[in-house]
Every structure is written in structure tokens, then in C-alpha cells.
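First up is the structure itself, then whatever we jot down about it.
Order of writing sets the chain letters: A, B and C. Residues in each chain are counted from 1.
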Amino acid sequence: MSFKPHIRVENLNVYYGKEQALKNITVNIPDRKITAIIGPSGCGKSTLLKSFNRLLDPVDHVRISGRVFVDQEDIYDSKVDVTRIRKKMGLLSQRPYPLPMSIYDNVAYGPRLHGIRNKKTLNEIVERNLKISSIWNEVKDRLNTPASRLSIGQQQRLCLARGLAVEPEIILGDEPTSALDPKSSQRIEQRFIELKSEYTIVLVTHILRQAKRLADYVLFMYLGELVEHGSAEEIFSNPKQEMTKEYIGGTFS
Amino acid sequence: MRSFRKIKEAVATRLMAFLTVSSSLIVFFMITGLYVRSRPILSVHSLSELLFSSSWHPLRGEFGFLPFIVGTLWITGTAVVIAVPLCLFTAIYLSEYAPSRIRALFAPLIDLLAGIPSVIYGIWGLLAVVPMIKNQLAPVFGVFSTGYSILAAGIVLAIMIFPVIIHVSLEVLQSVPGEMREASLALGATSWQTVKTVVLRRARPGIIAAVVLGFSRAFGETMAVLMVAGNVARIPGSVLDPAYPLPALIANNYGEMLSVPLYDSALLLASLWLLVVILLFNVCSRLILVRVERSVL
Amino acid sequence: MDLRKTEEKIFKGIMICSTCCILAILLIILITILVKGLPAMRWSMITQVPKGGFYLGREGGILNAILGSLVLAGGATLMTCMISLPIVLYLNVYVRKRTWITQITRFSLDVLWGIPSIVYGAFGFTLMLYLGLRASLLGGLIAMCFLILPIMSRAMDEVVKMMPAELLEASYALGATQFETALKVVARQALPGILTAVLIAFGRGIGDAASVIFTAGFTDHIPTSLFRPVATLPLAIFFQLGTPFPEVQERAYASALILTAIIFIVCIVSRLLTRRFTRNVIR
């Protein structure tokens, strides 16, 4: 399968202290597709995801070697402006973490940081992104209440809206549905399918069925190594590696 | 816009780093500042003369600190002897026996005890402790006392260091893993046996640190002691005698300080000693506590 | 077997006794202050400055000391806030990892916390000698800042340390710089804890006498200038007690009641504020 890569990873190694979390990863992430990173827990899925927007930097005793290119730009270059890299990517974490402010301010937080002050523009941005995340109808009458009062499912959609409001090109999801009930999960998945025409989406998931439902491209990782990657069709119907076969067949998890 | 944000970030980072680093240098500034100011007296008298002479006549240029040092030690010692058993039993009770409701009730009370200003403790000492010693306790032993004594200061100080000792030792006791207690209880030990053989053994370094912290707090406490200790510059013979501790000496003579030669230098030297002694105690106990914390993690 | 049970009972008894003993002492102190202070309370105590002959038992009140203490402790708390907050945010947002700088800073703050206030007073005094200052509000502010800096910083640090890392990540992921994250997210999330820390420090400052005894001086007037001496409540109490006149000593009890009441109010307000500002906090 040939495609235009949006993120290119070259010989990426990550160490936490003495432990090696990622071993020599080289892979391309396709543009405007949903890529799923699957594998048993502790295999380095989240680490790989976080390396894409340099969220590993503040972690204790971390060492990173290798290169990650986003839009042909090496993001680990020392001259790079980290905030600009991060602005390109929206992040959904396992549990939603709304910021300690109102619903409106949560969505407006990013745009304000990047210099949008005009009240009208902000209102438009907030409304548009809350609509895209299909939460507008639930919150339009109480935009000024604290975000902490929303349900977990609503919070996760709010976080999606917050991430989209900085106009990213990429959406990173770190098991974004794992804390949600089935109904909320389904809504989030629905959003992803609609959003992939405009965004590159990378999802970490440990739910195989979710990967099958959503993914166009799949990375299978095990103990810090990238075992196999390819189009979803290939990986799920005709995996080349024995280990992938076993994992997908459900022999181990 | 972007560059403005970057500049703001850079400036803020530098400023914060600067403040952080300088906050950890305060101790050195204090030592240096006090040392420079106390050098005049050190150039006239030798350190051992100052420490071991008991003749205190500033007007004649004699500065023997011995009575004050001994007074401080007596008072602090008395306070620790009174406070430690009470505090330890209370901390053990709160951590091992008391229902969590009582523990939750106790925490704000301890905070309140810690928040009461030392002048208030001093007044209470004057109103309650001093008369009690004068009228009840001293006659029992057949001696005369004005009530202004080491014992009075010790009792007041003991109460003032309750919060520190209880707070720290409670934290240490609660850091002992529950599984250890269960293991001992499962072998048929009573709660007290478990406390005695398992919990206290494990918590010992931390409790020692708590006591040392309490000691150093008592060592430097000024106003309350100043009000009840009697302030007589003589080496005391018993706990019913008055004493004149170092902090009280410093606080009491601020008025004359600048009019008598070398007096200010002597008082600042006394502060320097207080600082150094307390620093040593503090550093030791904090090091122990840091290690205790690590062993839990 | 019986011996073990008896031992258990004896020690449990001792422990309950000590606990009750400590509670009783706290109560006795408060009751003593109340019983002695109330009869001497006059409206004029809090509305007037000392009139001529105040220390001989004549007219007047301690408005000078109440205002002086509030200005001094309030000012010192504000100044310390502007130093503490950056330090705490630096430790918990910028550095965050366990490095030598966080270790050393926390350690020295702990050590500073244990230094007695009389030493801060003496140090403040030497600083004033260098700067050519006389006993004044400014001198008192400087000494008190040093005194409450470790108290406030450590109390804030305890709260801000509990901040979930994901909250920071959420903000970074939107392209926020560390400074923006610190100010807009961390400071807000930790607001209740920060306010409590500020109030604890204020309470310590307003009750402390030893640090201001050389540095702030004393006066019978209401504070008007940074370079004039300022009266403080604890010192007012101390001086009133020092007079040989029973009427004036009675006033000391009333002043002590006022000081205790202020400390109480600070305690209660901090609890109420904590509740009021938890609105936006994420749990």
C-alpha cells in the first residue's frame, strides 16, 4: 500500500531510565486516514503516541534518540518551537481532563493562546467545534458552567472540541474511549469516521474490534517493538507474523 | 505574536528559576550576614571565653553566654520530656486505634493549636502555669519559687511543640504499610503488641526526626518563654529556678543594643548560634524524613 | 494471655488519656483567654488609638496595633505571595522531574521553616543596618517576608504537587507554553490550596512578635508611612503586660482576645474560601 505519509518515524528509541520503552521504531503514518496502534498493555503504544507531540519531554529520566518528522520537519530538532508542533495535534487522553474553567473557556483556551481575542470569532469557533463534536445541543444553554460538572462522556467530547479548536492537522487518541460507556464510545467513534476526511487520526487502542471498525492502517506493537504494520485489511485478514496472528486470534492479550 | 509569547516564556522562566535558586540560598545569606555583624566581638573575645564564661556584664564589656546557653538547654529539655510521651501516645492512638472520624476531627484542632500565636501561650502561662507552680507545686517540695521558672517555660513550650511532633509522627506512622500490621495481627498479636514490635520499629527513625524537629522548635521559641522564664542571668540549679534563655536575651535587649559597645555584636552572635544549632538539628531530622519517605515510595 | 490483655488495656488507657489531655489543654487555653479577656473588652479598645497615659491605665485603645498588624502581615503576605507562587510553579510545572534543584529547594525551604522567628528578626535587623533603615514598617515587612516565605511555599507546594500530569499535558497539547499553563491552568486548579496557604502564612505573620521586635518598632500612631515604625498586636500585648498596673494588664487580656479572634476568623475564612473556589476544580 503506497500513501502520502504525514508523520515519519525513523529509528526512534525511548528509554525510561535503564528500561527501553521503544526499540528502533521506523514507520510512516498515512495522511488523512485512521491509523490504529494495537498491542497488549505495556507494549509502548502510548509512548509512541506521545512521542509525536513531544509530550515525553516532561517525563522523569527519559531519553529519546531517533527522529520524528511531521510534515517533513524534524520535531526533535533543538531549534523547533514545541508549542507550534503541539498546536498541530489535538490529543484525547484515556480519561478526559477538562481544564479547570467553564465549558466555553475550555474550548476558547487554545484559540486565545494563539492570539484570537475577538469575541465574535471566539464565539463562532466555540460553537462550530462543539457542533462538530456533537455536544453543542447538550451544553449550549450552560456554556458558562464549570466543565467538571459534565458527565465523563460529555467531557471527552468537550476535550475533542477543545483539541479541534486550535485547528490541528492530526488527532491523537490515547485509548480515548476506555473510560466511557458504550453509548458515548460509539459517539466518539462516529466523530472519528466523519473527521478522517480532514484530519490524520492516530488511535491507540486495546480493543481489537474498535481497531477493526475504524482503522485504515494498523501498527501492531509488542514489548516496545513494532512487529508489523500495514493496511487494516492485510493485518486483520492476512498477518505475516506469527505473533500478530496469535494476538488477533485472541490467543493472548 | 508568536515571538512575544516566546519572550514572555523566556523571561518568566529565568525569573522563576532565579527566585527558586535564591530561595535556597537564603540560609547562606543569613549565616553570612549574622557572621559579619558578630565579628567585632569575636575579635575581642575568644569563642571559648564567650561560650564558657558565666559573667554577663555588658557595661563592663564581659559577655559570658554560659548562663543563657544552660538556661536554654534546661528549658528545651524540660519541654521535650513533657511533650514527647504525650505526643507519641496521642499520635499512636490517632493512627492505630482511633476511628477515622475522630482523626478527621483532630486534624483541624491540631492546626488551631499550631496557629495560636506564642504571645497567647505566654499569657496563658502567666495566668495559669506560673501561679500554679508558685502556690501549689513549689510548697509541695518545700521550696520557694516565684513561679517564673524553667518548669513554667517548659510546660508552655511543651504545649507549643505538640502540633509539630504530633503532625510529623502521625505522618510517619501512617506511612507504615497496612500489610505489615495485618501480618502481625494475623499471627495473633494484640494491637498494642503489633504497635510495639512492628509499627514502632519501622517508624523509629521518623519518630526520632519528629522529636528533633520539636526540640529545635522549642530551642528558638522566644516570646512565650520570655514571659514566663523569669529571666535571671544565673546558671539554674533546679527546674523551679528561673532561667534566661538565649532567644529571650536577644528579644529583651533590643533597646539597649546599639548604645552599649559590642552589645549588638554579642546579641547577633547569639542569634548566629541559635541559627547554627537549629540548622544542624533541622538538617539531620529532614534528612531522616527524606529517607523515610523514600523507603515508602 | 491475661497479661497481654491487661497490657493492651493499660496502654490504650494511657493513649486515650494523653489525647484527652491535649484536647483539654487546648480548651483550657481558649477558655482562659476568653474568661480573662471578655471583662476587659471595651468598644474603645478597637476604635481608638492609645490616649495619653494609656500605659498608666487611662483612656484609649489599641487600634494602632490592630491596623499595624493587619497592614504589616497583609503586606508581607502579598509580597511573599509574589515570591512563593513563582517558586512553586517553577518546581511543579517547569522542572517537575526529581532533580537536584527541586530536591535542594524543597529541602532548604523545610530547613528555613524550622528557623525561629527571633533569628529572622535578627537577620532582618542586620539587613536594615546595611540598608541604613531604622525600625519601620518596611523593616518589619522584610523580616516577616523571610519568616513566612517557607511556610507559604511549602504549603502551596504540597497542593500543587498533587496536580495530575494529564492536566498539564492537555494544556501543552493545545500548544500552550509552560508559563501559560502555569498561570491559566495550574494556578486555577490549585486555587483553593493556594488561598489556604496564603491564609496560613498570614495567620503566622500576624501572630508573630519576635521577628518584628527590632525591625518594626512600636508606636502609638496609626501606620502612615513605610519608613515610620508600626505597632503590632503581639507586641502591644507584651508591653501592656509589662506594666505594673493591673488595669493595663487587663487590657493585655482583652488584646489577646482580639488577636485570638483574628486568628479564628482567618481559620474560618480559609475554610469557607476553600469551598467557594472549588467550583472549577477538576477531580
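Here, contacts are C-beta pairs under 8 Å (C-beta built on N, C-alpha and C of every residue); 3 or more make two chains touch, one makes a residue touch a chain.
Computed from a prediction, not measured in an experiment: that's the story for all the values here.
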Please name the chain that ends up farthest from chain C once chain centres are defined by their CA atoms averaged. A
Just to be sure I understand: the centre of a chain is the mean of its C-alpha atoms, right? Then which chain's centre is nearest the mean of all of them? C
Would you mind checking which pair of chains has the most C-beta pairs in contact? B-C
Just the number, please: Cα centre separation of chain A and chain B in whole Å. 53
Between chain A and chain C, the Cα-mean centres are separated in Å by 46
Separation of mean Cα positions, chain C and chain B [Å, integer]: 17
Chain B touches at least 2 other chains through residues 5-6
Residues of chain C that touch two or more other chains sit at 177, 180
Which chain A residues reach two or more other chains? 83-84, 113-114
For chain C, which residues are in contact with chain A within the complex? 96-98, 164-177, 180, 184-185, 188-189, 279-283
Partner chain C, residues of chain A touching it in the complex: 53, 55, 58-61, 83-84, 86-87, 89-91, 93, 95, 97-102, 109-110, 113-114, 146-148, 159, 162-163, 165-166, 172
Which bits of chain B are touching chain C when the two form their complex? 5-6, 8-9, 12-13, 15-17, 19-21, 23-27, 29-30, 33-34, 36-37, 85-87, 89-90, 92-94, 97-98, 106, 108-109, 111-113, 115-124, 126-128, 159, 162, 166, 190-193, 213, 216-217, 219-223, 227, 247, 250-251, 254, 257, 267-268, 271, 274-275, 278-279, 281-283, 286, 290
Which stretch or stretches of chain C touch chain B in the complex? 4-5, 7-8, 11-12, 14-19, 21-23, 25-26, 28-29, 32-33, 36, 83, 86-87, 89-91, 94, 101, 104-105, 107-112, 114-119, 121-123, 125-127, 129-130, 146, 149, 153, 177-180, 200, 203-204, 206-210, 213-214, 234, 237-238, 241, 252-253, 256, 259-260, 263, 266-267
